[in-house]
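You will see two complexes here that share chain A, one where it goes with chain B and one where it goes with chain C.
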Partner chain A sequence: MKQDNQKDNLLVDIRDLNVAFFLRQGVARALANLNLQIKRGETLGLVGESGCGKSVTSLAIMQLIPEPGKIMSGEIHFNGEDLMKKNRKQMRKVRANSISMIFQDPTSALNPVLTIGDQLTDTMIVHQKMGRKAAREKAEFHLNEVGISNPGRQLKQYPHELSGGMKQRVMIAMALSSEPDLLIADEPTTALDVTIQAQILDLMLDLQQKYNTAILMITHDLGVIAEVTDRVAVMYAGKIVEQTDVKTLFKEALHPYTNGLMKAIPSAVADLADHEKLYTIPGNVPTLLELPHGCYFQKRCHLVSEECRSRHPEFTERSAGHLVRCFHV
Partner chain B sequence: MSVLLKVNKIKTYFPIRRGLLQRVIGHVKAVDGVDFHLNELETLGIVGESGCGKSTVGKTVLHLIPPTEGEVIFEGDNLEELNEKEMQQKRMHMQMIFQDPYMSLNPRLTVREIITDAPVYHGLIDRKDTRKLAMKLMDFVGLSSRQLNRFPHEFSGGQRQRICIARALSLNPKMIICDEAVSALDVSIQAQILNLFRDLQQEFKLSYLFISHDMGVIRFISDRVAVMYLGRIVELAEKKELFTNPLHPYTKALLSAIPLPDPEQKKKRQPLQGEVPSPTRNYPGCPFAERCPMVIEECSTTVPQLTELGNNHQVSCIRV
Partner chain C sequence: MGNFLIRRFFNGILSLLVVALIIFVLLRAIPGGPFDTEKAVQPEVLKNLEAYYGLDKPAWKQFLIYIANAVRGDLGVSYSQLGYSVMDLIKDKLPVSVELGFYAMLLAFVMGIPLGVLAAYYHNTVIDYVSSFLAILGRSIPNMALAPLLIIIFGLTLRWLPVARWSTPDSKILPTIALGLAIAAAITRLTRASMLQVIRDDYIRTARARGLSEKRVIFKYALRNALLPVLSYSGPLIAAVLTGSLVIETIFAIPGIGRYFVISITNRDYPVVMGVYLVYGAFIIVMNIIVDILYAWADPRIRLTK
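This part shows the complex of A and B:
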């Protein structure tokens, strides 16, 4: 395990990050003054609906924002170093050794023309300067760790020979092979069935314990959030609207958007009264091209007032570690 | 309550062909002997994991894929025995809504054309009345009639699904098969569409066959629920009964695997080991046997039948 001589146990510290995409139709502000901290070994959940900026946040940490997107300003401190100041070669090193990522769709994240073994060992050979044989042994060890019972055989197989759940296990093995400080998991179980999802989530938590890896868990599923995270940030239209520890979030969420999201999910454990309707948040998510003046949630909010239309609410602390962006709660 | 749809022991097999002569070397048994009925004004939820055959059941009911064996009886007529013309008439009463509202709308047609082409084709309305009908349907599904002449790409995912619903309603159907109809939508939009489905059911006197992998959605929308595994129904019961008193070990595992939105209750899950086996194999016994925590020797030799245990609760397991 890597040693850290940090004064504090802050692993990631994002300050005033602005990301914009320059499209033909205009400038889309994907992230606006984003502040986010991840501590060592903790699991931070990032929740929100499509287009709210969850994935852009993770890509910004990796410095992998695709064209025509650009990081406009801000700082991203990782292990005490500002990633924005690193050049391509240095950044490549960080990505190889300290940050790993798993994606929603393991099928498109794996190269179909290389065997599992080649894909697992390549990074070890290049970045950790391991010999082919040693890399292969290490790959077998990691496959075993993610619950693949016959790793020797699996290494010779191609991705199409494996099921979705197996491929995601391979992705996790690959991500953990460098023993990273931070694992970014972007909807890692969304494409999987519930019984397989349960297996994969348990596996991720076990391995986190073992390697003391911090996990940034990006998901839209509040069930997954409740089950695996320590702290949660809720995003809406490129801004974090609420941030707190997971227990507080589910007990006393304050922001009307967070509350709406929670009430809108049909429950698998309780019935509504006969003919009772699901709670809905009216309207649609605003497009990032034409965000309203003032609070971004104003058009869908039942608490909206004159103040919300004229200026943007600050992100303020209500109790220890519980931050909310709203005038009315 | 009268029965609208009756499905008798349907099997849908897809042949696997290999080699130069394309000889059939086996079958994918997507649906392997499924039995159920759907009452008027009722919603039957079909739930299961990917590859369990729930979508194939939907398509087989419509005879988009004719069953290999068994029969589908809709409004008292066996669909097998209808000729092409009669089948067309029948299809007006049974519509389908798919998962991906981006793929199931023709990008070159305006919303008005999408919604009204079918009723014009079937002679339900005159071509000059399409505007009126389109406006009425748009209103029902919560879209503005000003958007009538727009194209699908100008709408968001939730709005597109509303267009798909309007199109399905345009022929005054009796039954709509919803195949993962809300799975691609965001939570806040999903709730809107689910409520819409409920409202329309009363308004149009509809029956739904609601196919989904999401237990929460199924619990909200269904009256009765069928749980499928490897092409068969393993449990079928009233919604309340199924969720509060699941009997089949697979249903129990499925329910316990759902992550609950409550961090205080980090329950000790008992996740199923292994994965869903291949539907191409022949099972001498229960297809769930190799993953089942309650397995006994008899399970590998006896094929369990869906048996009524009273209270309209049917289970296919020899251990319960």
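This part shows the complex of A and C:
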């Protein structure tokens, strides 16, 4: 009985997902046997360096991996249905009604030649079969909801007439207008001013409460992770290396990569007098074209051993829900 | 908008004046004159002719007289065709060239834009390769080769269409193709390149992520952005095509104005040279104004400033 409950509670269940990009230089394995679960209404943070596969994961859920990328194998269950088995039309329905996405740079994410209103109401008219007037009213309602005053006027404006923060609010209004089960936010605050960042995050959390939307928060900013997420998955070179709830992550991160990330956060209380340089993890991310045999983090790890070079560590559960992919911690 | 038009109108007039001055100076700088023939003309006759056409006056005076007459709609008379005024020549020949040019541009847009969109959408597939191959082919075959080829195939061998002249509707098909195909190819390539760039833009990903159909994504979200470069390219192109083509008009025996761009110069027929090139200049100016207005309409980020 308990198990059934858990199963119902599961919104997204990604199993053994493999995504590869077929480039001229070779095949880049962007995601290797990725497993990831998102529960209804929770906020899952996905954190890692640029190019580690965070965005690819989100685009895989949307079934929008760009050329020359391809999902090689795996299952992506959403609301109990495997998205991999859906045809184009069914997938469009899912995108329009159940999964929404907001992107890093709201300036490039909005079409410069169409009005806000035009872009906001398009899905409503196409998928929810709403009339133009009803769609406009709904759009006004949602713009109001994301804190845009005078929404009637904003609907007639073009993206370039709005500030960056306003545009991201519009994106959020657009994303939530279908009252989705899942909101994928791909670095939603990276392109914004620091003062605006907090407002946007607060707004997202407010609306999450209201619509009981699960959020997949993709970021490389551990500050954002600390502020808004319930659980966190740390990605490295196409694999999740550590996964736990946010409190445990900041208190007792286990994986050497996660620890490296934590140490690399600039601290306001650090003694400025000793001119200590900000910590950086030595070395570089391995190229996805030639991943090393064994653990992908071996070349940058201070705990590296023979074992790490010979085989890839599997997940082990250290405490309830705290998964780590490392032999030595 | 009103301000914009007024400003551009006066700018255009000024440009035309400068164009007229440059042509005037260049014409007199090149060797030879309008009455040079293989047999030397008697000096007295030459003197009389020059006096008759006002060529004995100082150059600056000739220019001022020309401009003063032009403002009143008198562009002078042809030196080589007696009694034929330049205004009459333009009235007779220009409409034919404009008609041919219009059909050719229509063909170019109707063919080029869909082919370009298809090639970009099916990037790196057979459709793209075929369309790109056709575009390169169309761009590479000069119309002086294409026109006779069309005449041989459709005129002489298959006997479907007339081989020359500009009269019945079916006689207009071959010249239109011969003139329009290369332009269609250019527009195909431009549309494809522009579309390829646009469909990688973030807002296209946004539109797809919102569950919109590919058709809607392409036609509503991508095409308008992709056609902006095509639009700016089209302005001067349309001006050039509407004012006729020497090759096509000669091969098909079409009484257009295109050939006068060349023969008036070899004849040193000063008033005709001035006339046809000023018409061309005026077309370019007008087309650019139209393109700027259309651009501002298509791209809300552009505003027509005063």
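What we mean here is this: the second predicted complex is superposed on the first by the 314 of 329 C-alpha atoms of A that agree within 3 Å, B and C clash if a C-alpha of one lies under 4 Å from a C-alpha of the other, contacts with A are read in each partner's own complex, and residues count from 1 in each chain.
One rule holds for everything that comes next: contacts are C-beta pairs under 8 Å (C-beta built on N, C-alpha and C of every residue); 3 or more make two chains touch, one makes a residue touch a chain.
Note that the structure is predicted; figures quoted are calculated from it, not measured.
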Touched partner set for A:96, first chain B, second chain C, both or neither: second
Contacts of A:179 with chain B and chain C, given as first, second, both or neither: neither
Contact breadth on chain A, by residue count: chain C or chain B: B
Which superposed partner A:266 touches (first chain B, second chain C, both, neither): first
Chain B versus chain C as contact partner of A:137, first or second or both or neither: neither
Interface residues of chain A shared between complexes with chain B and chain C: none
Residues on chain C engaged by chain A in the complex (per definition of touch): 123, 200-203, 205-214, 216, 220-221, 224-225, 298-301
Chain C-facing residues of chain A, complex: 62, 64, 66-67, 88, 92-97, 100-101, 103, 105, 108-115, 122-123, 126-127, 158, 160, 171, 174
Complex contact set, residues of chain B against chain A: 49-50, 156-159, 186-192, 194-195, 198, 213-221, 239-240, 243, 253-255, 257-264, 266, 269, 271-272, 275-276
Chain A residues touching chain B - in the complex, by the definition given at the top: 49-50, 163-166, 193-199, 201-202, 220-227, 246-247, 249-251, 260-262, 264-269, 271-272, 275, 277-282, 284-285
